[in-house]
Amino acid sequence: MARFQPKNPDYRAISIETFERQRAMRTLGISITRLEPGEVDLAMNYHAELTQQHGFIHAGIITAGLDNACGIAAFTLMPAGAGILTVEFKTNLLAPARGERFAFRATVVKPGRTLTVCEARAYATHDGAETMIATMSGTLMALAAREAAATDCAAAPA
Amino acid sequence: MARFQPKNPDYRAISIETFERQRAMRTLGISITRLEPGEVDLAMNYHAELTQQHGFIHAGIITAGLDNACGIAAFTLMPAGAGILTVEFKTNLLAPARGERFAFRATVVKPGRTLTVCEARAYATHDGAETMIATMSGTLMALAAREAAATDCAAAPA
Amino acid sequence: MARFQPKNPDYRAISIETFERQRAMRTLGISITRLEPGEVDLAMNYHAELTQQHGFIHAGIITAGLDNACGIAAFTLMPAGAGILTVEFKTNLLAPARGERFAFRATVVKPGRTLTVCEARAYATHDGAETMIATMSGTLMALAAREAAATDCAAAPA
Amino acid sequence: MARFQPKNPDYRAISIETFERQRAMRTLGISITRLEPGEVDLAMNYHAELTQQHGFIHAGIITAGLDNACGIAAFTLMPAGAGILTVEFKTNLLAPARGERFAFRATVVKPGRTLTVCEARAYATHDGAETMIATMSGTLMALAAREAAATDCAAAPA
């Protein structure tokens, strides 16, 4: 049983469409592996082009995955026509991003009319063992349909 | 006059080398534009492949630039042989990352033997006007030369 | 010259009044020492009852001062009738809160119709020398006059 | 079954003693209600002297409870003789701190030799119903017995 009740019956299609319109996700090779109301998992394979100086995935790339998982998780609970933007997030890095495959799992902690708070965790799978490598807590903002239309969803938090 | 005195006389060469060993920076097209003890500026051109659903640069990519600026700023003040890793950072997003060119400017707030706290700001230049689009505060950790050698700098914060 | 133009000509009186209605500030002995549009300084004397296990001021108390400085700084720029609430903040602790007197200095980084981002720094004065002991970045939210009236400003971020 | 194995067989007594040496906790009326390896619950009754302008508990006081829960949770897993200090934390405020009684529940996410990452949640009980009002993620640092002795545990993160 889902913890959250989506307001938009079409939440699944619109969430996937929003995700797929992000060219950065395609560039980074990140895809959706699970999508429920308020819960989203993403996955990414290792790419040497995304590494830092020790050959692990760069913390910024891990953060991009975590942020996107939070954004889509929040978006699944927003009303039809809403736009979404990230207000802030914090990432704690727990272990090097060493592995062949990475997962980003986000859940909504508190949905809201304007602001939604999410948490996410990143995992690396290396030689068959999964390790938690990072956590995120973040705030997402819904733009009303009217605002989203007027601004093409581009309005800053301000 | 520099605010900070580097411990490693060779800080400039080693900081640049560390930056350049990060393949993610090359992939994202991010380069160093200024490097002083405790202060680093990076720059990135707009790339359509790094955008989110509204055509602006993805917040994760902006965060990668901010994190890297903080990391190199902290690294300039570390002793010879030290390794560096990011402990945590928070990003506040102030405005859409709309522009032709982006700058990431970091300064050390408090250097330390083990932990260094940095702040950074991201700016977008659009039609000749520069706007602050994001802020970061973060904690970086120095690994002693011995640890760095033993672990190839890969030790987690733990 | 002030960096920000207040929307409410009465911002000074209303900001001071809002501050003084917080009984926690009186209990902690925190008072306003400077108030400009978008900039607020608070001060607090050392109190043994507010210390942690080593006799320094507890990080939570330092955070209360920083949060309040941010809140009032943001509030000075809000329109008449608005309510305010804190969405989130991060504190980095740089040094022990050792001293006879403490200052909390906040500035608005980005004012907004709904969300305002602030930064603040805490300083300890010990034996005549001032040390930066903590930093904060935080997000504050304005409640429209209508909402503020309906809810007595108590509405959660949601 | 406990998720974590304490290194210090005496962890319970030393954790309680450390908590009780914090005069701020007594002043705020915060006490330990549960203490297991890596998990700590604190509780606090409503006090009018700790309120903000709408009569709810001040966010800084909630943060003091959350921070302390994290600190003690991390401390239960540290070796004998270690000191502890908070490096950073972020608080997200989800709902007004309205209630007769408040709980602060922390768990260690990743213990480490030097740094430990914790998460905590604050709850308000109002008219018999419990609501989550805030979340925290934070980093705690262990000071080696030697350092702790030399500095009376007062060393800054630096």
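Read from first to last, the chains carry the letters A, B, C and D; within each, the first residue is number 1.
Here is the rule we use: contacts are C-beta pairs under 8 Å (C-beta built on N, C-alpha and C of every residue); 3 or more make two chains touch, one makes a residue touch a chain.
Since the structure is predicted, the reported quantities are computational estimates derived from the model, not experimental observations.
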| item | value |
| --- | --- |
| Degree value of the rotation bringing chain B onto chain C, based on Cα positions, nearest 5 | 180 |
| Comparison of C-D and A-C by number of C-beta pairs in contact, larger one | C-D |
| Whole-Å gap between the CA centroids of chain A and chain D | 29 |
| Centroid spacing, where centroids are CA-atom means, of chain C and chain D in whole angstrom | 22 |
| Gap in Å, rounded to a whole number, between the CA centres of chain C and chain A | 31 |
| Touching two or more other chains - residues of chain C | 87-88, 90, 92, 94-95, 110, 117, 139, 156-158 |
| Arrangement of touching chains [line / ring / star / complete / other] | complete |
| Chain C - residues contacting chain B, complex | 90, 92, 94-95, 109-110, 117, 119, 132, 135, 137, 139 |
| Residue numbers on chain C that touch chain A, as the complex places them | 87-88, 90, 110-117, 139, 141, 156-158 |
| Chain A-facing residues of chain B, complex | 18, 21-27, 48-54, 56-61, 63-68, 85-96, 98, 152-158 |
